[in-house]
Amino acid sequence: MNERHKEPSEIMDDGVEAALSRLTPEKIQAVINSVLKGETGARFKAYMDTCIHCGLCSEACQFFLSRDRDPHYSPVGKVKQTVWPMVKNKGRVDTDFIRRAVRIAHTECNLCKRCVAFCPFGIDIAYLMTVVRRIIHKLGATPLYLQDTAHSHASTMNQMWVKEDEWIDTLQWQEDEARAEIPSLRIPLDKEGAEIMYSVIAPEPKFQAQLIYQAAAIMHVAGVDWTMPSDIGWDNSDMAMFTGDYEIMGRIKRTHFEAATRLRVKKIVMGECGHAFRSVYDTGNRWLGWAQPPVPIVHAIAFYYDLLKTGKLRIARKYSHPVTLHDPCNVVRGGGLHEKARYVVHQLCDNLIEMHPNREHNYCCGAGGGVINCGPPYKNARVAGNRVKAEQLFDAKSRGAHTLIAPCHNCHSGLHDIVHHHGIDLEIKFFSDIIYECMEKPDGSE
Amino acid sequence: MSKMVKTGVFVLLLLTVMVLPAMNVYSQEDMRAVDSSAFDCPIRPPAVFAHDDHNDTAGIDDCARCHHLFDDNGRKIEDESSEDQSCADCHAQEDKGTVPGLRKAFHWNCKGCHLQQRTGPVTCGECHVKK
Amino acid sequence: MTSLYAFVAGPLAWAAFLFFFGGLCYRLLSMLRQVRQSEPFIFSYMSLRYSLRSILHWLIPFFAMGWRRNPILTGVTFIFHISLIAAPVFIVSHVVLWDEAWNLSWWTLPDAVVDVMTLVVVAACLFFALRRVLRPEVRFVSDASDYLLLVLTAAPFVTGFLAYHQWPAGPWMTIAHMVSGELLLALIPFTRLRHMLSGWLTRAYIGSEFGAVRHARDW
């Protein structure tokens, strides 16, 4: 059977099925109640009691809009299919219910919080979905591929099973490559007292090593006093946050902050990743008891903004193609970096073609929140679930956009799938791709 | 609102000078409604009130039961009544010190007594009947 | 009948206000206690400035993206809530009762205006009910309680309108109006109508989060 024609409800996830086969109604009830009673509080109760079932949140959700306004995909519709019965039946739900809850909470909600900005009461439905995910985690029923990344975090302190020697080798390899272009370039490892620790997500050394090359080049050209840790803590990503495995989330965030503390840096600069920003800036630090991150966190967008604004980085020639900009939820609704992103765009490019809606109201890429990390079984459903993004991209394309800037790894991959599936001819780039291409480099380096 | 009962008692003590402003004894048997002409801008139909029938039914002989008089200290003067005066002579549109405004005085006088006696109309529409 | 009125206007009214104010206070205090017990971090994120910023932006009709995407519902919601509060508070018949019982009185609206507002409330409740039936995404998340809440809300306004116009004559419609109003007041803290209190708090919290942490608009 052609995957493309599978209904989301027909998708089989081996990890979920294996877990469900081991569950009993008693176990399900015990877990649900332990989470609802033991881990939620006034906020959960207020959200449950305040929601007047008006459905205004529906308009916010790319799944709802893309699935022909099917009520099952509206934010409150997802709550109705997951949280409400759990509360009403005091945890007495069956395995079919859990299977559906896994699909909804893990693959049909990106936790993008767009609906929060559509609810008159500001009810955080993404939070309610994370409660469902927490229950699923405690039932052991997290989708297989996503769970694998959490296992990797737990075992290696990075998301991609990267071993210590592979990490250091990759950095040295990229340093060597870059020195062919800029001979004096270094990737300083474990430089105590540097101003900045640069951290990345594990997919960069695993299969996007050129991003580390580009970052090193930018750091070098801008004269930044920076370092990267050779030991654990170099990975700022966090899939455990999305599986609801907060114990692991706490461990990996602590490791990341401790790496910065060990190196006595003043701040952490992170690459163009959205979920990692959410984890480091918002979620993980809170789990560890920090209202704000213990070490200041600077997302790549804000970092490039500073470098361009202060003139440390100069653009030799502007990027020649018209661009459009995707606003990633985690750094825009999660960090307010949309205007800085536009400043950076305008420094790099003459022609920005805005998508609408944009900034805080931009449609999610459909990949974030761990959805893309649920892997191949869900890919077609995910792409089909974000038709509105495809329409938005197509609209930008039809108005002349050539390049799509997506300053977030998840967005990047998710948008790639959408662009590829619909044949929208847009080249997808990170900011660092364009900065590296357009910045002034030392004489003779080109 | 429950204070209504209590205030009803209070009202009776206050006994209004009102009920029938500018009204004399001879016309009372024909009276069907409280004269609302003293109100600057009456917003409800005048209250239904058949003076003689009401007093026959209620067994009220003492004019001062409604046509009361109070001294300067706010004490009711026994054995004196005020049927020679208009209610509005004492009760202004608004409250003045301990003297209730005309509307409040009417309500206290009528509704207060009805509540106390547990008989007679008490809801808005029973007295302010629309024509 | 007069005794019944005395009961409805006396002990029952006391009970209704007690349930209403006591219930709301209880809800507020238990919420604060629960926050302190299990989610004390919420206090450290609350910001008066950003709470008000968020609330004020949402109080402007058609300002938030969520409002603008649903212009008809937004219009109905605003005039519904304004009428729902203003009509009973500023109707002269109620102020008279407050005045006579407690010597408290305040500015009132002309009866004709309140009459229209009352019809607005009833019509809006009908609109909400119809919307629940007709919009698939709303019907999907509606159950009997949602319709009951609309009936509960509309009842004092329907009976109040009829009592005012004296259809039928006599005390019964007024008694029904008082009882239904008291029932509504008493049940607000114990149904999802408590959004009249909690809605401000959830908005304030998310406004604080978006303002002070996320540096983004939440409207």
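Per-chain numbering from 1; labels A, B and C assigned in written order.
To be clear about the criterion, a residue touches a chain if its C-beta (ideal position, glycine included) is under 8 Å from a C-beta of that chain, and two chains touch if they have at least 3 such contacts.
Predicted, not measured: the structure shown is a model, and the values here were computed from it.
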Taking each chain's C-alpha mean as its centre, the one farthest from subunit A | B
Most central chain, judged by mean Cα position vs. mean of all protein Cα atoms, is C
Which of A-C and B-C has more C-beta contact pairs | A-C
State, to the nearest whole Å, the distance from the C-alpha centre of subunit A to the C-alpha centre of subunit B.
-> 76
Taking each chain's centre as the mean position of its Cα atoms, how many Å separate subunit B from subunit C?
-> 37
Cα centroid separation between subunit A and subunit C, in whole Å?
-> 39
Touching residues on subunit C, where the partner in the complex is subunit A | 31-32, 34-35, 37-39, 41-42, 44-45, 54, 58, 64-67, 69-70, 73, 135-142, 146, 192, 194-195, 198-199, 201-203, 205-207, 210, 213-219
Okay, in this complex, where on subunit C does subunit B touch?
-> 2-3, 5-6, 9-11, 13-14, 92-93, 96-97, 99-103, 111, 163-166, 169-171, 173-175
Partner subunit C, residues of subunit B touching it in the complex = 1-5, 7, 43, 95, 103-104, 107-108, 111, 114-115, 117-126, 129-130
Which positions of subunit A touch subunit C when the two form their complex?
-> 40-43, 45-47, 49-60, 64, 69, 71-72, 74, 76-77, 79-80, 116-124, 282, 286, 291-292, 332-336, 338, 357, 359-361
